[in-house]
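Letters are used for the chains, namely A, B, C and D, taken in the order the chains are written, and counting of residues starts over at 1 for each.
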Amino acid sequence: MKLAMIGLGRMGANITRRLMRGGHEVVVFDRNARAVDALVEEGARAATSLAAAASQLPTPRIFWVMLPAGESTETTVDLLKAEAETGDIIIDGGNSFYKDDVRRAQELAELGIAYVDVGTSGGVWGLERGYCMMIGGDKAVVDLLDPLFDALAPGIGTVARTPNRMKQEGEDPRAEKGYIHAGPAGAGHFVKMVHNGIEYGLMQAYAEGFDILKGKSSDKLLEGERFDLNLTDIAEVWRRGSVISSWLLDLTAAALAKDQMLCEFSGRVADSGEGHWTIEAAMEECVPVHVLSAALFARYRSRVDHTFGDQVLSAMRFGFGGHVEMPQ
Amino acid sequence: MKLAMIGLGRMGANITRRLMRGGHEVVVFDRNARAVDALVEEGARAATSLAAAASQLPTPRIFWVMLPAGESTETTVDLLKAEAETGDIIIDGGNSFYKDDVRRAQELAELGIAYVDVGTSGGVWGLERGYCMMIGGDKAVVDLLDPLFDALAPGIGTVARTPNRMKQEGEDPRAEKGYIHAGPAGAGHFVKMVHNGIEYGLMQAYAEGFDILKGKSSDKLLEGERFDLNLTDIAEVWRRGSVISSWLLDLTAAALAKDQMLCEFSGRVADSGEGHWTIEAAMEECVPVHVLSAALFARYRSRVDHTFGDQVLSAMRFGFGGHVEMPQ
Amino acid sequence: MKLAMIGLGRMGANITRRLMRGGHEVVVFDRNARAVDALVEEGARAATSLAAAASQLPTPRIFWVMLPAGESTETTVDLLKAEAETGDIIIDGGNSFYKDDVRRAQELAELGIAYVDVGTSGGVWGLERGYCMMIGGDKAVVDLLDPLFDALAPGIGTVARTPNRMKQEGEDPRAEKGYIHAGPAGAGHFVKMVHNGIEYGLMQAYAEGFDILKGKSSDKLLEGERFDLNLTDIAEVWRRGSVISSWLLDLTAAALAKDQMLCEFSGRVADSGEGHWTIEAAMEECVPVHVLSAALFARYRSRVDHTFGDQVLSAMRFGFGGHVEMPQ
Amino acid sequence: MKLAMIGLGRMGANITRRLMRGGHEVVVFDRNARAVDALVEEGARAATSLAAAASQLPTPRIFWVMLPAGESTETTVDLLKAEAETGDIIIDGGNSFYKDDVRRAQELAELGIAYVDVGTSGGVWGLERGYCMMIGGDKAVVDLLDPLFDALAPGIGTVARTPNRMKQEGEDPRAEKGYIHAGPAGAGHFVKMVHNGIEYGLMQAYAEGFDILKGKSSDKLLEGERFDLNLTDIAEVWRRGSVISSWLLDLTAAALAKDQMLCEFSGRVADSGEGHWTIEAAMEECVPVHVLSAALFARYRSRVDHTFGDQVLSAMRFGFGGHVEMPQ
């Protein structure tokens, strides 16, 4: 198939590469001419504007927007409205808030333009491992785009098949290849959002566990109660045969094998919108999410030296007990 | 009544004072001679050793140990064993772990010595407000000591009577005066421990609330979404007519009235054993304590610049997404 | 002053009563004619429509809307737009989301109509205790309405003055009487929202504490490790001299004094919007709120027999360990 | 090598089988004669008592105790003391509390008997996948036992090698095969304990995520805000290329593929000691563990219909607001 890729950051560039490897033709556009040039050298066609991109595509034209969620994506989708015609398809492959997808899909539907949201997991590894994709949009349109998703997905690969997953009639074979049509517009990003929410929880579980392991050598503990544990070997040993083996553990093992002290990291941890939105979604549904929220809040806390709340605690303790704060 | 007070720190000294105001005679002992002298000037009798203290008391002799929980208390109770005789009474008014009380009471009972644990709340305000006391031990012994507790307790005072609390037969009038016989040895400190566990939770609830109020003026928010709130006035206004009025709020209001920025506090918040033991007790009972534990963990977190767990998170993020940490 | 009260539920009716006690004239309107009649008997004037209410008021006309947050309030404010004229004032005394206030104030400002949001705490006790009010709106308008707020507020009363609160120039005396001008439109409900968020946290802290106390008599514990504690007396004793005395504790003590088993309550706990919005506000500011969120989630959990998540846990345990679920 | 296996439950029996497959000779003992017979048929030698087992072994004799943690293990280790002689080795392969290991190792060392603790992960899958083992004890003894561990461990297998793990001098090759010598006695179970603590956190993260996905179809949401998501396909799609792929997800995918509603599970989730001990260890080190504790508490909550704390909340709400509980 032939499509335009709008936005050639790390994700957009690698998705373009993997599409081309799969035999697809990609017209590329980015404000950064160097990013365009790099991909042209690898076989993509350059476009110097959205209009130029549109003019190079057969109908129905397919625009894949791969930009940071929020203003960038919103603006670009708006601009594409002017370029697109009835029957054309706009794909948002970024990390948009799913309610924005629902709104955009409605607005575009009035113009006869299809909107597809693709929640994409895989990060810097996607080019080699393939991208796990959660897709929202009209069935007919998603089916039409199937060759693209098939090229991007990991495929069944060497991962063991799920035992109870039978080739029953009506069962969707795409899930085993690493992509699904999750539902109408917005459903793709909703599922991706929850994926990221879970990711935060998993990461924090490992983080707390390694914190306890490391703390066991603390000289604040009595001498007989300390162990000096090799965190690198522990991460490694859990990769085989344990209940907690995972890809995140693989990455942790690799990082610890490089430097058990993780000295290059100061521990100021960013969060993107998905963690926050996951908690909002849970609250809208009245679902208790103690772990997912705690994981998010731990990141907030990691980015400040102290909270005003901590000061309030100290002030109260001084007030009722005359307690003076601990020295640094 | 006449008793010996062992340990003249802030709590022991003030308890001695309030007992003397109530007409009781107190023999005082402390390793620090100055602390002894100060109270002698106020009417107490000095003892230069535990044995000397014992020799000045009528039988049954009453020893009130008011020392830091743990080794100090343990050692002193052990030494008192040698001085005490059948029928004598040892009171632990500190913050001992209740299982230590249970053990000590059994050991002393074999020697015919009574052991009473008194969980004491009131801090630096106790001298004036009176001490709230939660008492564990044999009924006969606790009854015998009643004049002491009555002198130390706040009394009914001006606090409104509880509506449904009828003067039914068998109802214990002591609770309304600010002290209770909670049960056998250990029960007093157990109830006091849970009191402190709740205290941590209450404090953290206020702390988080004020954090949100303060954060609402952050320049990270869009200009139209900020409020520049007067925290001092907010704490004050909640003291009357609101659902969240409390003594801890009174203290917060006073601290904020002095300095709305709480500049003298850096926010490194200590915790004593009770918060930790409360979580342990909850786990032994399989009671979910999301709030009490979170309050405790927030204090742990307040005392370190970052956790190793935070570094693990950053390392994973770099591993899967190439994400570089946020700048300071 | 003379004003119209729109909405005569428990809150609206009692606010009307307290305003009339303070010498103000109130025109009352409610869809429920009986509610109107009851207040007319107590001295209010009836209105059979918003228009009729408007026609009975001097200019600038003051409309106090006291309806459930959300659609009811939104609709009524919209209808009042048609009745109101330049200079008139619409007060929302309900529990609106503060961002709705900001929006409404802007819309009404374009018509020259003032909008004031009054976060009101006090519940069924407000008639007697007075209402704690957090007010948002233009300074001039809030000042104009001062006689109303003054009549509704608790006043300084018998609550001890805050030590560091000096009568400095420029200090607002209203906070000590139980009401504040928190800031522009929305600020009142924002502060009230955080008040409720804190309320959830405080309540959950007590709830967990009493859960531990009650669980200490569980026959799942070894015989020597149980205490059979009198929760009624414990709640009572903490009311005087302890660190955790509060109005919520007073209410708990009263409930336990009536029935220590709290048999009339099954434990399905509702939440209103404020708890949820508080967490959202915290997330917008990146403030960690482990306790406030946990308190909210505990309520969600209280209302379902089990979560699907719990089933997922059981399914995993069966998967890796062959563990069969615990019997009921 | 030749050793005795004490305890032929699911774990003990399968470990015996895997040892025999690896060429080792196993003398088996269990109170249940049938369990013994079954393994004898597969090539093991029966022992009718601990003494009989001891008599069949060469020196130094190796006893592998594979019993439930707590009393069973404690009693058996005590009985083995009588049978064992200087130089003999007792292995505890169960889930003992690591402080019990430290104590036992000291007691046995005085008799010249070696004690080795083996934290063993793998559950019902261990026979085929191999067991992940975390081992504590004296280096010389653990080295002596290496052939046993090597036979039980998964081996490097098809799992990708960790990139930064170089074959540097002194690096322990065992970690990549799935077992480690973690440190002195107790260190094995300590690491296994933290493994299980992390396991709880990971499981709860997935559980909450699937709860949100399922709740998105709730008819409590507005019609336009619902998605009817296929949880089975979502679990499957995340297995390839996503950030959250893991063995626990594989198991979840298998369970959902069998029955998307998980009807056979009521959601009453057990916990064993490790989750609890992990929190205790964290508290001893002052490490904040919001996620690991929340995961544990969610299990406690899953096993009761309501908490007394929930009733306390309802009682307070009735007290301040006259709020009547939500209907069932």
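The criterion applied here is as follows: a contact is a pair of C-beta atoms (placed from the backbone, for glycine too) under 8 Å apart; a residue touches a chain by one contact, two chains touch by 3 or more.
All values reported here derive from a predicted model rather than from experimental measurement.
Looking at which positions face the partner, subunit A and subunit D present mostly the same ones, since more than half of the interface numbers are shared. The most distant chain from subunit D is C, comparing centres defined as mean Cα coordinates. Between the CA-based centres of subunit A and subunit C the separation comes to 39 Å, rounded to the whole angstrom. As a whole-number value, the distance joining the C-alpha centres of subunit B and subunit C reads 31 Å.
Shared interface positions of subunit A, defined as residues touching 2 or more other chains, are 123, 204, 206, 208, 211, 215, 243, 247-248, 254-255, 286-290, 294, 297-298, 301, 303, 307, 309, 320. Those residues of subunit A lying in contact with subunit C across their complex are 243, 276, 279-280, 283, 286-290, 293-294, 296-298, 300-301, 303, 307, 309, 320.
Across the interface of their complex, subunit D is touched by residues 10, 123-125, 203-204, 206-208, 210-211, 214-215, 247-248, 251-252, 254-256, 262, 265-270, 290, 294, 298-299, 301-303, 305-323, 325-328 of subunit C. Within the complex formed with subunit A, the residues of subunit D that make contact are 102, 121-123, 126, 129-134, 153-160, 162-166, 172, 174-180, 182-184, 186-187, 190-191, 194-202, 204-206, 208-209, 211-213, 215-216, 218, 220-221, 224-225, 227-230, 232-234, 236-250, 253-255, 257-258, 278, 281-282, 284-292, 294-295, 297-298.
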